[in-house]
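Each remark here refers to the structure printed beneath this line.
Lettered A, B, C and D in written order, each chain numbered from 1.
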Amino acid sequence: MTHYQMGNPGSYPYLLALWLLPLVGAIVAWAFGPQLKRLAGPLCSALLGASFVATLLSWHDATQSVATGAANLVGAHQALVSWIPGFNFGLLLDPLSLLWTCIITGVGFLIHVYSIGYMEGDNAFARFFAYLNFFVFAMLTLVLSDNFVGLLVGWGLVGLASYFLIGFWFYKPSAVAAARKAFVINVAGDVGIMFAIFMIVASVHSISYGDVFGSVGSLSTPWLLAICICLFIGAAAKSAQVPLHTWLPDAMEGPTPVSALIHAATMVTAGVYLVARCAPLWSQSPDAQLLVGSIGGVTALAGAILGCVQWDIKRILAYSTMSQIGYMIMGVGVGAYEGGVAHFFTHAFFKAQLFLGSGIIIHALANEQDVRRMGGLVKKLPFAFVAMLVGVLAICGIPGFSGSFSKDAVIYGTLQHGHPVLYAVGILTAGITAYYMFRLLFVTFLGAYRGEVDPSDLGIRHPELAGTHTAHDDHGHDAHHAPAWLMNVPVGILIVPSILAGWLLFGGENSPWAHFFAQQFPQATLATPAVSEMTTTLIVLACVAIGIAIAWRRYATRDAQDTAVERLRTESVKMPAILANAFYFDAALDLVFVRSSQLLGTLFGRLIDPQVIDGAVRETAFSAQWLGTFVRSFQTGLVRAYAFILVLGVACFLVYYAVTAGGLH
Amino acid sequence: MNPTVTNADWYALAPIAIVAIAALVVLIADLFAPKHVNRYVAIALGVIGLAAAGIDCAAAYGHDYAAFGGAFIVGGFSVVFQEIVIVAALGSIVLYGAIGNGERIAGAVALLLWSACGAMLMAGAGNLMTIFLGLELLSLALYCLCGLADRPTARESAFKYLILSSVASGFMLYGMALLFGASGSVALADFTAPALASNPLLWIGAGLFLVGISFKLSLVPFHAWSPDVYEGAPLPVTAFMSVATKAGTLAVFARFIYAALPAGIAPKLLLPIWIVAAISMIAGNVGMLAQHDLKRLLAYSGIAQVGYILAALAGGTPLGMRYAIFYLAAYTFMNLGAFAVAALLSDDGEQGSRLANYRGLAQRSPVAAAMMTLFLLALAGLPPTAGFLGKILILSTSVSTGYAWLGIALIVGTAISLYAYAKVIRAMYERNEHAHAHDAHPSVPLAWVSAAICVVVVIALTFYPLTPSNVLPLVR
Amino acid sequence: MLVLSLVLVPIVVGLALLVVRNENPTMSRTIGALVALYTLVAAVASHGSEWSYRWLSRPFEASFHFGDTAISYWLVLLLAICTLCAILATNVPRQRAFIAQMLLLEGAMLGLFLARDLLLFALFWDLMLLPVFFTLLGWGEHVATAWRYFIYNFAGGLCLLLATAAFGMLFGSTDVIGRSDVHLVGAWVPWIFWGFAIAFLVKTPVWPLHTWMPLTYSDTPSPMVAVVSAVQSKGGLYGLIAIGMAFMPDYLKAYAGIFVVLGVISLLYGAFVAVTQNDAKRVVAYSSLSHLGLIVIALASFNATALQGAVIYIVAHGLFSAALFLILGFVESREETRSLVRLGGLGAANPRLAGALCIAALAALGLPGLAGFVGELVILTGIFQAGFTIPAILALIPIVLASAYMLRLFQGIMNGPEVPDLPVRRDLGWLEGLALAPLVLALVVLGVNPHALTTFDASAYNAVASTLQGGTR
Amino acid sequence: MLPMSVPLLDYVALSSVIFFIGVAGVLIRRNPLIVLMSIELMFNAANLLFMAFSRAWAHNAGHIFAFLVITVAAAEAAIGLAIVVTVFRTARHVDVDDVALMKG
């Protein structure tokens, strides 16, 4: 493919509208927050809803030209402005960005509505919605941009939104630290993309997707690999891939709707988007594919393993998110773009649902997040149970639920693209996923309520560190409770796609999904694996069954339910250090980057600057002063001494003149 | 040599004569003037005399004439230097009005005027005798002036100046004798004979002659007298001495090196002077660093400033001459201005010019502090002052004539000096709640006026760089 | 004449303010703001006009020649805006004298940027040291700082003086800034070049000539340091472009390695130190070292894109560092400390202050969508294009560090639990808000649409122009 | 020119000896009067030289110069003595080294 075309150029007012509406909402809610008060939530939600509608309308516009035969390529491309000479900015709505836009605006809308209920009574209600809308705008910038710099702008802005929202309760030191960590790691990722842009500009002299992808053939293999790696650094940071994942669990400091929207459904999948978007690059670089696929696999496995040992309900979901994104990255990494992207699609629904479900629990338990202090909630919160159950079934890949289709597509895709090891990793991870998700479900909902048990009996050593947050006092629950439906309806709506979304993939190569993306991704010639797709599904199912069985045995049998308190304590206390410390990734990053920077900073700032450089200056000044005193010391005040100096000077003169005059002869 | 003396020869001496006669008039008038106005009479007569001399002198600009067979040469060169001397004398007489002792002022004014005569004579001196005469007239009057204060330090300064200056004069005189021996003539014009270029007598004689010059210019290592004498002498005398001595001596020096040397030997012959100038730029500025007395500090500053002026002359180019004169003129006003401000603030006591008295000046007298700051900045060579432009011009000549090393010495010296000047500025702007030093003469209008004039000139010279073209020294 | 009035009005009014006896702080602030506003308007109105009057004809030609050049136009605007904002934000003891110093500083710097004559440039170069020096003496915390500032910068100024004199002698005229037919070569030129370069590098500053800078920036009252860090430091960079690059491109190219190395060291060094400083103003000071190091690399890389980026970043850095210092000044005046250890939790009670600090800090750390990012990205792209791969890679590290120290700064002041023993809080007043609004607004506008900054007419600089033509785009 | 019975060089040598005796006197002696006398010695050494050269060149400028110097030296001695008297009026011992109020 020597020429890469990005949709049909033209003017698409709806496209512009869908992009800018959330920005309007953000600015209005931010600027007039005190005046809007509680109206900010509905306003921002409405704007986002309008944005969703505009998405559909603009897609309609985009397909219009195909329908009338004016073009054969589905997509809308609107050039906007020349940012700086040579850096032109425009919007691109093609199947890939449409998918993301739909999730961002659609799921985003639901989460907004949910938030009206969840954030009710918070002091900074309007600010919250301003941030949320700003995030949506940033994320739309990211996915709708038609060039790498626009992508990077969006990339940075979503990081900022994420920073604001993680640190939303900025009076909590832990939230502040988590926000900063997330931001800094994400900037490290931005820097990767930035460097990729340098390389792209240096070789292609353009930042437009069209130009870049059109001239892939002219890039040398190492150069292409370098670009891919740099891009992937950005993707890894944003999508919490090993080893840049450590910010994601901490990011759960933010309000739960934030976790649902940003740290599950949309922002963290930006890495997937990037790899899928740059499919033309990756497809030409098998080494990059292997690398990305492997890292995705490792992340999937590591996330799943760490998910098994968490107690904070949101951290469990966070690790599961990390693991699922690992799947997606693995999929798009090895070249199974439809599969990876599909998993993003289904994951957005069921993970949003899981988070929102857990949000209902947290809300109901006055911000209790530790599953050890839950239990028996099935009777208290039946709706939450249903929501969580559907989510768990979907994430585990139980046939018929959405997750099964997409996950199988990814796992099978690895084999199709010739990566049997990753195939095995995918299957194994599926089993572990089933284990920890059902563990979550059982511990939370079955047995007796343990909220009144002394935390230390449950093995909770540092309640404040273990995720037992009782301090969201601003987040008052007593005053005007919003109607429960505000939180329940969005969750209820999400149940539908959580179950059904996967069916779009039904039918393999003839599925609507495959048709939709037919023009989007480069088609590789696929091997015909020894194992069929059906067999794969069965193997996965077997693993899942084993996982569920273990979870059942450990947490759900009558016996286990009765001895839950001791069980949980033993498990908490005897957790292997390597797991408790999450494979020491945090410590290693801290040592290598944070400590060393601080050491250098201290060395420069405390020693070299004041002592060595400024010391030299002071020494010079001092020696000037000393010279002054030295010169003074000749001024003894004695006339004869002065005369002596004078005569000495005369002697020098005379010697010079005598010698010079003598030399003339 | 033309033995006949015409009227034109006498007219050439007219400015000097006017000043000398004015001195006599001052003395006579003092006998008759009532006691309570006698100081004003003396000052007024002195100012009138100097002004008349200045006007008469200016008329000679552009009319080059070698009077008395070349003994005294009038021209643009001598006019400029004489005017500088007159300005210095005017300034210091005014300062006498500000701080002087009423009973002795007539004598001091007269001596000052005679001293100025000496310096003016030097400005036009065309042979060794005139030079010696002018030099001694200048010096003898100054010895007396230095001692004209009822302080031990003043007497000490007179004594030190007397001894050391006489020794230097002795060396210079001996050098003159050798020069005479080499050339058979005392006229500067006769030293240009090519045959003299390799005459050892000329070299040694010139060396001793230059020693005398260096002493009067207070170049290191012949500078030792100047800090003590400047500190001890009455403030107006210091002001006068710091400018007039330098002006007169520079005139002699410039005439000697520009017009009185056999062709080709200047670079070698004068090398020691340039080295000494470079050392002065550094050592003078370094010497300022540890001073606690303004007059003493300005003495060291003067040592360095002369170094800068010499750097302009090093190339021996006409432009260099002009820039040296420009810088000397600028220096005259900066220095006089600084002394004028000092006179505003201190009586002429032992402690009068201690830097400690300047602490917190900005609070007590912001305008005085601002003016002093401007003069110090000008001495340091910061814009928007003539010092800045003067340094640029000097740098440009020294760079273009192959004496870049003098330019670098100038830069290094300036950098050092800045620290010292800034120290004074800092003291003035220090916020001192217990500022006890009283300002002795806070409202002497004459001193204010002279300081203000200096401010205007120092700034104006930056924007209208007067570098008169007709200033090449002549020998006949 | 309008151009001339641009320089003279602030100086004359400043001097007049020094003399008058009226101590009403509002009056002085109003007068100062009006003058700054006048300079802003006049700067726009006089764009492209010139005024000239012969100064010297020997030993070289020199003129009082004022007029903006393609690049200095932006610096003049930046200066006028920063001064206006800083004066609006001024609230110090002895207000009248302080405003007078601010106006003198503005006048001197306007003279510097508007000078079309090298000698005039040198004159204003030294002149602009004085107001800062006097401010440090009168309002600074330590006298030693005033020394450092003065000695370093004056030493640089002396080198500039020497080089200017040599330039004049060599070329015969100093009336050259903005001329395109000046191209110096010869045995003397390297010396001249370094004379200029040292002055510029001290002023910028660049490691290891920087130790005056953190002291000065932390000791000077905020309104003054806002102008100094935002604009005065750009004098060096402007000089590098308008003099080094324009007249002696061969030497800038020949010594590019030295500049790049110094730039990279500054870049990294400043960033690492900023991470560990506890004094809020020093964090920003060291971040300046880091940011301006990048611009030095950009200029040395001799690449069209990098140069464009440098101009953008010069303006952007001016805006955000002015905003940061003003905000830190507000914080300091309220809480009487700048220690990040002591401060905290101000955001809850001061949302507007927090918002402003947030935007400024984000611009400083190069957040996409704000002006700092544009400059960084374009500079780095250019550097990389020019083949300086290693510097480009190393320059990425400070970006990450910047996010760390800028967030530490922001969070250390605004976030976290409220500190009980800090004095009573008061959010931004309308005047303070008015002072910050133009800066913050400009950061956003230039971030979204930096186009105006990139369309400067570089043909005035022959070497620059040829660089731009020879650029890859 | 008259024949010279004594070679010029001898005059030069003598005058330089006298001159350096004068210099040494200034440096060594602590009595201000002797110092003044030593200075006179230096002047007179120069005078001797002037006379000698004047004769050698058969040029009267040297004679005139010498008279000038004698006059000046007289004035100088008068002023010098006056200053010495004012400085040492109250001192019991007359010592150049006692005059050192100002230094540094």
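Quick note on the criterion: a contact is a pair of C-beta atoms (placed from the backbone, for glycine too) under 8 Å apart; a residue touches a chain by one contact, two chains touch by 3 or more.
Computed from a prediction, not measured in an experiment: that's the story for all the values here.
Trainee: When you check each chain against chain A and chain B, which touch both of them?
Mentor: Looking at chain B and chain A together, the chains touching each of them are C, D.
Trainee: Listed by label, which chains are in contact with chain C and with chain D?
Mentor: Output, common partners of chain C and chain D: A, B.
Trainee: If I rank A-C and A-D by number of C-beta contact pairs, which comes first?
Mentor: More contacting C-beta pairs are found at A-C.
Trainee: If you average the Cα atoms per chain, which one ends up farthest from chain D?
Mentor: So the farthest one, by centre of C-alpha atoms, is A.
Trainee: Which integer distance in Å separates the CA centroid of chain A from that of chain C?
Mentor: 36
Trainee: Cα centroid separation between chain A and chain D, in whole Å?
Mentor: The computed centroid separation for chain A versus chain D comes out at 97 Å.
Trainee: Please tell me the distance, in whole Å, between the geometric centres of chain B and chain D computed from their C-alpha atoms.
Mentor: That pair's centroid distance is 26 Å.
Trainee: From the C-alpha centre of chain B to that of chain C, how far is it in Å?
Mentor: Here chain B and chain C have centroids separated by 43 Å.
Trainee: Residues touching two or more other chains, restricted to chain A: which are they?
Mentor: Only 621, 632, 635, 637, 639, 643, 647 qualify.
Trainee: Residue numbers in chain D touching 2 or more other chains?
Mentor: Residues 23, 26, 35, 96, 99-104 of chain D touch two or more partner chains.
Trainee: What are the residue numbers in chain B that touch two or more other chains?
Mentor: Those would be 159-160, 163, 167, 171, 227-228, 290-291, 419.
Trainee: Can you name every chain pair that touches?
Mentor: Every touching chain pair, ordered by label, is A-B, A-C, A-D, B-C, B-D.
Trainee: Considering only the defined contacts, which chain A positions touch chain D in the complex?
Mentor: Contacts found on chain A: 632-633, 635-640, 643-644, 647.
Trainee: Of all residues in chain C, which touch chain B in the complex?
Mentor: Residues 18-19, 55-56, 58-60, 64, 119, 122-124, 126-127, 129-130, 133-134, 137-138, 143, 146-147, 150-151, 154-155, 158-159, 161-162, 164-166, 168-169.
Trainee: Residue numbers of chain B touching chain C in their complex, please.
Mentor: 319, 322-323, 366-367, 370, 377, 381-384, 388, 391-393, 395-397, 399-400, 407-408, 411, 414-415, 418-419, 422, 425-426, 429-431, 462-463, 465, 467
Trainee: Spell out the residues on chain A that touch chain B in their complex, using ranges where they run on.
Mentor: Going by the criterion above, the answer is residues 621, 624-625, 627-632, 634-635, 637, 639, 641-643, 645-650, 652-654, 656-658, 660-662, 664-665.
Trainee: Spell out the part of chain D that touches chain B in their complex, as residue ranges.
Mentor: 12, 15, 19, 22-23, 26, 32, 35-36, 39, 42-43, 45-47, 49-50, 52-54, 56-57, 59, 61-62, 64-65, 68-69, 72, 75-76, 79-80, 82-84, 86-87, 96, 99-104
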